[in-house]
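Okay, so chain A shows up in both of these, paired with chain B first and chain C after.
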Partner chain A sequence: MSTEDTVNYHILMKGELDGFVKKLAKKMKVCAPVAKGHNNYAFEEVTSASEISMDYIPTILPPKKYFMPPREKMLDFDLSGGKPQDKAVLENEPLAVFAVHTCDLAGIQCLNMVFSERPRDYNYLLRKENIFIIGLECNKYCDGNASCALVGNHYPNGGYDLFFTDIGDKWVIHVNTQKGEELVENMGLAKTSSADMVALDKVREGKKHTFQNEIGVDPKALPGIFAKGVDSKVWHDVGAKCVSCGNCTNVCPTCYCFDMSDTINLDLKTGSRNRTWDSCQFETFATVAGGENFREERANRQRHRFYRKFKYPLDKFYRSFCTGCGRCTRTCMAKINLKDTLKALAAEHK
Partner chain B sequence: MTENIHIENSNWKLRKGQIIAAKQMTATEKWFDIKLEDGDLDHEPGQFVQVELYGVGEAPISVCSSPTKRGSFELTVRSAGRLTKHMHSMGKGDWLGIRGPFGKPFPVKLMTGNDLLFVAGGLGIAPLRSLINYVMDNRREFGKVDILLGCKTPTDMLFGEEIREWQKRLDVNFSCTVDRTAPDWTGNVGLITSLIPGVTINPEKTFGVVVGPPIMYKFVIAELLKKNLPERQIILSLERHMKCGMGKCGHCQIDHPKNYYCCKDGPTFTYEEVKESKKL
Partner chain C sequence: MTTPNKDTKAPAPAAAAKPKVAFFDFACCEGCQLQITNFGELLLDVLGAVDVVEFREAISEKWDGDYDVVFIEGSIGDHHAEERLKKIRARAKVLIAYGSCATTGGVNGMKNSFELDEIRQSVYGKDYKLFDSTPTKRVDQVVKVDYYINGCPVYIPELVEVLKHALRGLPYTVPDNPVCAECKLNENVCMYERGLACLGPWTKAGCNSWCVNNGNICYGCRGEVSNPAKNANDVISKYNLKPELIKAKFDMYNKCKEGAK
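Up next, the complex of A and B:
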């Protein structure tokens, strides 16, 4: 690799991580994966490296929660006068999300596309600008539920300011943005040596063997399989298991469906209009005021979820909205398995 | 350089509308005339607005007046849920929040120079009235106009005074039927599909515009296809739960290979566009 190619690469020794996190935490709130026991992890605010799990399986909730909070205020209103007054608001603070896996970086990129499509969502767009993103490469699978290689998310595809790759006793940091460059310069991080770059190449090369298509179905064939599979038995099988709890959509890094509702304060004069996460798995999600429910059966609702990952977004955004993180499978109380569902669908519609 | 955007321009901000007239039309439907403080709604026939009742929430409601009527716009609201029930308690002078207009309107430009067959069932007359009145105000631009209306009972009929005007007009053929009759009813009794065979249609140059409850579409469309009306000249306005109006919240998405959002890609569609839908 030529020196020109290494210009955007720096290194951080493993022993220096604590200093890095502490310095970063002085500038802004830092959120990183923290072990919560029973092999569960969550992105939480940290102030030192000792709190962070650098070796973690995907967190219970994806970083989506920082970009599109589970509940956020969109409008404040005041009804004390004759005519109501309202004001659009943004709840926002500068934030760094640290150690984001490539699957979750892809998830954020999907959300970026959705909310920058017109009419644009200013709350999302403004909040996104205030979040500094530091990615972390997976050198091996987190667990058997992941399917990142199927959707090509086991390697970084942009979407970060800085990106960490473990090469043994240190991390190679790829600098992707001017903001990232300013930070590494400010921290005084050394540039990579040619040996570091060789080590990085070796990690990437090794991953070609470690990560393999997890379902043995050509991803290019999936849109065709889904096009044929609308009335597949698979959906009835999945629907028969599903309990409509909505866990799968809550933990999905690309599920963004929402509900809007008003809250009145105790003064009965002021209040707010709020956005909360919703789920297409809930029974009344597609019910209209007149009572008609356009997705009454659980089978239809589960099918809808899968089509919103593997079919619709491919037509609209040219990308899979399944990031391969495996969260829906891990969290499902009814043991609905994404990889098994895809395999069964593919077997039926070869 | 980062784009300089401001939250004050949020698409969630509300326009303020004041009710300038209101009238209970039937036991379940109330009509409202609303004036926006910042000018005309400037909608097109077939579009809808999101109505915010501060503290209660928001609901999508079809505009039932024609854009040719300036200064204010009209909504006909059925008391069906929490929000619409609350709206029925509102009257002249009350304020509400408005977002919109939203949605793809009826293709009025394409309809110019064609015969029109309007088929309305129940509350479907509300969105269709925005188009019918538009056509009445531009009557010369269109060919033969037939209006078929179906209601449950004679007392459920909306816009009675206006309908009597349509019945009098020589440039409009109006027929009406009720599912269940009443003592003073002298008109047709039966489903709306029974009126279609009696209409003369030139399939080459007719647009059929059908708006009604989901159950009605299948049967009315079958009748129109029997008349050889091309699929793309059958226009529908579909009902879904449109929460955001911006193609994002996910509630109104139609189970169709094209991934339509009813609020943005519709609510008006040609039958050709949506015939593969699991439900109309």
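Up next, the complex of A and C:
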């Protein structure tokens, strides 16, 4: 690797993580994966390294919760005068999200595309500007539910300020933005040696064998398979299992549907407009005035979810909106398995 | 609007314009009334917006005029209660059923699992015929209900939300999503992951997964969503549960749904 390539690489010794986190926490709120028991993890505010699980399986909710909060106030209104008044609201604070896996970095990239489309979502875009992202490479699979290699998200592909890769007794840190550069300089982190870069290459090389296409189907064939699979029996099987709890979409790093509602204060004059995550799996989601529901069956709703990952976004954004994190499979109480569903669908078109 | 703290002593000239609100209880534990007395500071705001004219658990005054809003707690379990409820309805512009007993029948619905005379005998002994008793009914099986606040007990933020809707004359829809919808947003570790069977997937949301947030399972107190999944076999097999166990959990709050005429 040339010296030019190594310019943007620094190191952090494992024993120095606590100092790194503490210094960072003095600058801004730091959120990182924390163990919640029962092999569950969640991004939460931390102030020291001892609270963080650097070895974790994808968190219950992805980091999207910081970019588009589950419940968010959009505006305040006042009806007391002759003419109603309103004022846009953005509640946000500088924040660092630490140890974000590559699947979740991809998820944020997908949301960036969605919310940058016109009409732009300023709450999302302005909040994003205040979030410092530190990625963390997975050197091995989190568990058997992941399908990151299928969608090419097992390697970093941008979308971060800093990126950590474990090479043994230290992390190699890739600096990807000016904000990232300012931080590592401010912290006085040493540059990588050529031996560190060799170690990094070795990790990346090893991953070629560790991570393999999880479903044995060429990802390039998936859009075609989905194009032919609209009437597949697979959707009826999946629909028969589904209990419509909405877990699969709430935990998905790229699901972004929301509902809006107004609430008034007890003075009955002032109030606010708020949005909350919604789910296409709910009975109410596609119900329209008059009571008609254009996705009445669970099978239709589940099919819609899969098409929103593997078909429609490819047509629109040229990108899979499945990040391979495996959360939907992990969280499903009714054993709906993403990899098995894809395999069953592909098998129909062999 | 300022909070009229001093109204408590004054003969309330300003309060005369405020909506007259009354609370009544039928077959229940009166725990939902207790939730209202537990409002804390919010109570002052609520009292700034309404004029409470009857509330058995907290005041002794009675009111003989019409009511703008009445809150009905409890389910209806005998003929006397039916008549009393109808009289209240006749004097009320808006009627809000609140709490599981009133909105879905609640735990009183379990009465409907038995032959009526059998259960009367077990409760009242050999002279049971002297004591009037009917199968448990929800409030809306007796009179028209304008607003529903489900839950055992009611969830205070939802109660306030419904009150505001009632005062503004706007419709309020009880969420028809499952409790999981809110529970996941609160990022709780799923009760099934903890090895516990929870009724969240089949129960109406709106409580902000209050129980699970506090380490308990969902008991289904808000009633089933309108189209619950009929097939729980995959859930039962994934977590190695006993089907009878799940069914028994449903029976606690949902019996009235299938019972009573």
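Here are some notes:
One rule holds in what follows: the second predicted complex is superposed on the first by the 350 of 350 C-alpha atoms of A that agree within 3 Å, B and C clash if a C-alpha of one lies under 4 Å from a C-alpha of the other, contacts with A are read in each partner's own complex, and residues count from 1 in each chain.
Just so we're on the same page, a residue touches a chain if its C-beta (ideal position, glycine included) is under 8 Å from a C-beta of that chain, and two chains touch if they have at least 3 such contacts.
All values reported here derive from a predicted model rather than from experimental measurement.
Within the superposed three-chain model, A:61 lies in touch with chain C and out of touch with chain B [touch as defined at top]. Legend: residue contacts after superposition of the two complexes on their common chain; A:75 is shown touching chain B, with no touch to chain C. Applying the stated contact rule after C-alpha superposition, one finds that A:122 touches chain B and leaves chain C untouched. Set against each other, chain B and chain C touch different numbers of residues in chain A, with B touching more.
When the two complexes are overlaid on their common chain A, residue A:37 makes contact with chain C while staying clear of chain B. In the superposed model, A:264 makes contact with both chain B and chain C. Look at A:134: by the touch rule set out above, it reaches neither chain B nor chain C. By the touch criterion defined above, A:89 reaches chain B but does not reach chain C. Legend: residue contacts after superposition of the two complexes on their common chain; A:289 is shown touching chain B, with no touch to chain C. Within chain A, the residues touched by chain B in the first complex and by chain C in the second are 264.
Residue ranges of chain A in contact with chain C, taken from their complex: 36-40, 42, 60-61, 65, 70-71, 240-247, 250-251, 263-269, 276-277, 279, 282-284, 298, 331, 333-335. The touching residues of chain A, when paired with chain B in their complex, are 74-75, 77, 79, 82-84, 86-90, 114-115, 117, 119-123, 125-126, 129, 227, 230, 256-262, 264, 271, 273, 278, 280, 285-292, 294-295, 300, 304, 307-308, 311-312, 315-316.
Across the complex, chain B meets chain A through its residues 2-3, 5-14, 16, 18, 37, 52, 54-59, 78, 80-81, 84, 95, 97, 213-214, 239-241, 243-244, 246-255, 257-259, 278-279. Looking at the complex, you find that chain C touches chain A at residues 1, 45-46, 48-49, 160-161, 164, 167-168, 175-178, 180-181, 184-185, 187-190, 192-194, 200-202, 225-229, 231-232, 234-235, 237-239.
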